[in-house]
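First comes the structure, then the notes that go with it.
Chain IDs A, B, C and D follow the sequence of writing; residue 1 opens each chain.
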């Protein structure tokens, strides 16, 4: 009833989505927090080079190894070493590098991998999944079985194998994570297109004489892109966690490499003597991941017509 | 007919106002609805989509969604005000007094539960409430004392002891409930009811599903049956079957029926009185023959003229201009005035009251004000 | 059936069977015979009604004629040319001439496409207009023809009411300058007061543009008001085909009679006259032998179950698929020579 | 009867998928690495070049016309069997259980890869199943509460809890638990819970001397019970707490989200209105009518979750020094013990595919509408 009435209202028209989003933000400030956090992490990543030199991670300050001179936090641990000198707000790591600076250098590394993986997975998934669903038959079967094969292996195992075989470099890492990720998008896009192509407007376009590619790429895919974008937003966090986990278990190009999981890895050995070393990089990962997840959840609510009242 | 008209009201709704709070704004769905349903009558509630006919029935059953706000009004069912009741009291009313039948039996029946499970749960959740009826029904089935098999005689003894206050076992209640439900399914002319109990809704045809839904209502022996677009999703031949069933049932049960529909032909077929709704108001209320032969409200006139008829040769369609208003921004005064061919100066300013212009014929239109 | 001349569309023994897959190899185990041998002619300039209950195959027939699904057998001739087996490219000129309007106007519009772009798209596909300016002018002309105004062109489907949306769908269908429209339940999802507006619009357009309609509906009243000739479908076959007036005044097939007498009439003085056809429509997978209506027919004989009744022209232009000429008033029947 | 046909069809499909996967894995490990890597698990340091060449020939890696081992290592023309030729021999070896000797440091050459894997695999299974059990036991009720209290306090709490679990790095959360329960909550001079390993004796609630148990199934908890050694059983159980909790907390989100959304979906359905209109109590409406429908998708997710945890425990095993295959896989990666990794991938794949099949059959049993 209310649905009917709203549809008929020309005044709510195109601004309905925007207005609804504002309404949601008002109702649910957590979503707003998600948007702020993800925006902030992207901004920090973009400004990283201005804040800290991008070669900072390669310097070693032997005298400042594992020290804490921030008076604000007392760790209550017997052997915390105060190195004096410049204040390191989050302490230093094994190589005497300031942890705060390292985190700032590491954020763009993680985000870049995540964005690359998610964007490529979305493109591959949408095209393959869309074609599979629209064409059906043998094409569908082949694409579907291919995803089955990749989905039968836990992603992290496949990534380990790839990194071992192809070498521990960032491009290999990105590829390895992408290889474990694309099948999900094929499945998602396929199911979206499958239900969308049953809609009457597709039938109408066929009757009009529109060609298959035109219907698929100009009409169906633009109409199914939102769930895929939402999944992409949610997956930024998950990809960052996977990448950092792979780095954490030691599949890094360089032990000093500025990546949040790798920073945490150094900390695990000193977990009882220098707990900040694992605490802050992990916390950064948590915050970024929560940010994107909250944002994704919020956008999903915006575009879920059934939740609207 | 006359005896019915003199009978007292079973349901009385007065000045009911309901607003839905949506993110886009407030939808003023009901704008002061006044309606009475008499004992034993079939009242047709007609109107187009969004006129508030379904909202009215949901309000009576206490099933409005959480974003609906009851701004004013009273709903009196057999003397008790429903709107003043607690959630639990309204639930009890739904269990025993008010039953609803909905449009699309496919989506309204739970797909993963058997028909039997969905029918029996009504009784088994509070067996005490139904026990006397179950026992009475079974005793009637067994018949008076005579030369029956000893098993039946023993059963009669057991039943009599229950009716004197004895406590039956769980199994006994379930058996009685099953027998009771089977006879209700028979009452809605469903072939092979025993088998239907163990079937899932998707295994039944549309007409059978609708009969199951009607049986769910009848099991409770309700005082008021709200049938919301009961035949809309059905094919004409099945619709004819259901309408015939409805005509037969009204002689067998003593419930008042409110038939909510957009189809004036269905109303003409089974109703005693008709209320026409438009944009949240009752605009006209009259006996069925009176309404069809002498409609007063311009909307009713337009509506009747715009129905294509199967019993007359080709004519050019007459239609009401414009479309149903958006209730986020309802028209002022009489809500029909923007589409009304007879609108005049006062119409946008004054909301016309529902007044009786002829005996038993009420209309809400400024044209008929003295 | 009728003389070749003047037939815009002609189907012969048209069939659409949907395989019911199952078993180990997922082979077709049985077929759902949605359309099971339909021969129908539509003359230039007329409106042919196709009526029947849900599942009778009327929509599938419309889709098969439109080549939205490939027929399993039989032929479809449009302007005398066989189109049921044409490939994509060869079919395109016919796609232009035949357009379709669907039941649910909201679902039949792309929600992310504005009205102008939706109307212009068929013109582009078929190269009907040569410039953007020309397309826009034609779009404005069309939107005016369907009773909306040019301001509406820049809006999106969700900004319109049901009736307006159906007007837009009609405008889009007309954009390819078709000569033939399949109207699939065009007013079923609309309110009564709006339904009449759209029906009137369709009648006017037909007259002004010289269109031919195939009007599919379950609503007998609408069919009576709109159509020149009417075909009644039951379980995938046309059981009666006659000029509309003749069909409604003097139905000859027992199913048509049952169908007509189960329609309630909006007049309380005529209440209680509904005749009730008992039982349900059989499953289209297990169609009864012989005459498919015999399981519910009050006049069925042994002959009905052993052989399929032929299509007989019982009076001029009035075709039925039955062995008997039944006098429904006196409940007597005479055998028809086939 | 029809169900059996369906199951057999799915089983054949499953074999097809595993076959495809074996090709993929074979290509990744053999096609991308020099051919002598294939030899490593089958040769011992004392072998001379001639023996190595003959092993290379017996594995169908070197051609019979290859003149010498050096020529093979240098990949001279005509010396290496084309990949597709190598594959079938590889597949035969794999299927007959001939995985060669392990290359793991300390035991290299003395133990078979197969034995090393299956002696450590039970630890991984035990951890994964406990984690999955906890995740399901917490996640499903959490999702239900979230849906029935939509946008009210319990929903917010449940959402934050599941979202937090979903967003937290596993290794970090494990480490924090270690810091808290070992470093900060100390009773009698030792941490409350054990920090690492599958059997720790240094924690407040551990038995100091659990003794030993026999090996029956390889699963420590089951073997301890079978040996009647309750202290050992207790210590093994206590050691599971932190790693299993980490696993559960970080996986709950996936489950509770799907339960929440499918439950909300179910509660919006028309049949809920009919159930309410019949005067049913809320309890019956929610738990009989809505939950029955909402649990259908949850079954699929719960099955998948269990399957994926078998491979997804790698990180947690490392943080908690858990003696399972995940921990070993990393060592294997360091020493390029390709066969161990292949075995790990294939075994988990078989289990994942099998669980998938089981879930689909269960789903078909639960939903009367499903036809095969």
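The rule we apply is simple: contacts are C-beta pairs under 8 Å (C-beta built on N, C-alpha and C of every residue); 3 or more make two chains touch, one makes a residue touch a chain.
All of these numbers come straight from a predicted model, not from anything done at the bench.
Of all chains displayed, A has the C-alpha centre closest to the centre of the whole protein C-alpha set. Taking each chain's centre as the mean of its CA atoms, D is the chain most distant from chain B. Centre-to-centre spacing of chain A and chain D amounts to 23 Å, using the average Cα coordinate of each chain. Averaged C-alpha coordinates put the centre of chain B at 34 Å from the centre of chain C.
In this assembly, the C-alpha centroid of chain A lies 51 Å from the C-alpha centroid of chain C. Shared interface positions of chain B, defined as residues touching 2 or more other chains, are 49, 323-324. Residue positions of chain C touching 2 or more other chains, listed in rising order: 161. For chain D in complex with chain A, the residues that touch the partner chain are 13, 16-18, 20-21, 24-25, 28-29, 32-33, 151, 156, 159-160, 163-164, 166-173, 175-176, 178-179, 182-183, 265, 268, 308, 310-312, 314-315, 318-319, 329-330, 333-334, 336, 338, 341-342, 344-345, 348-349, 352-353.
Residue ranges of chain D in contact with chain B, taken from their complex: 269-271, 273-281, 284, 288-289, 292-293, 296, 366-369. Note for the complex: chain B touches chain C at residues 48-49, 205, 207-208, 235-241, 243-244, 247, 262-271, 288-289, 292, 302-304, 306-321, 323-324.
Residues 1-2, 4-6, 8-9, 11-12, 16, 19-20, 23, 308-309 of chain A touch chain B in their complex.
Those residues of chain A that touch chain C in the shared complex are 7-10, 13-14, 16, 199-201, 203-211, 214, 219, 222-223.
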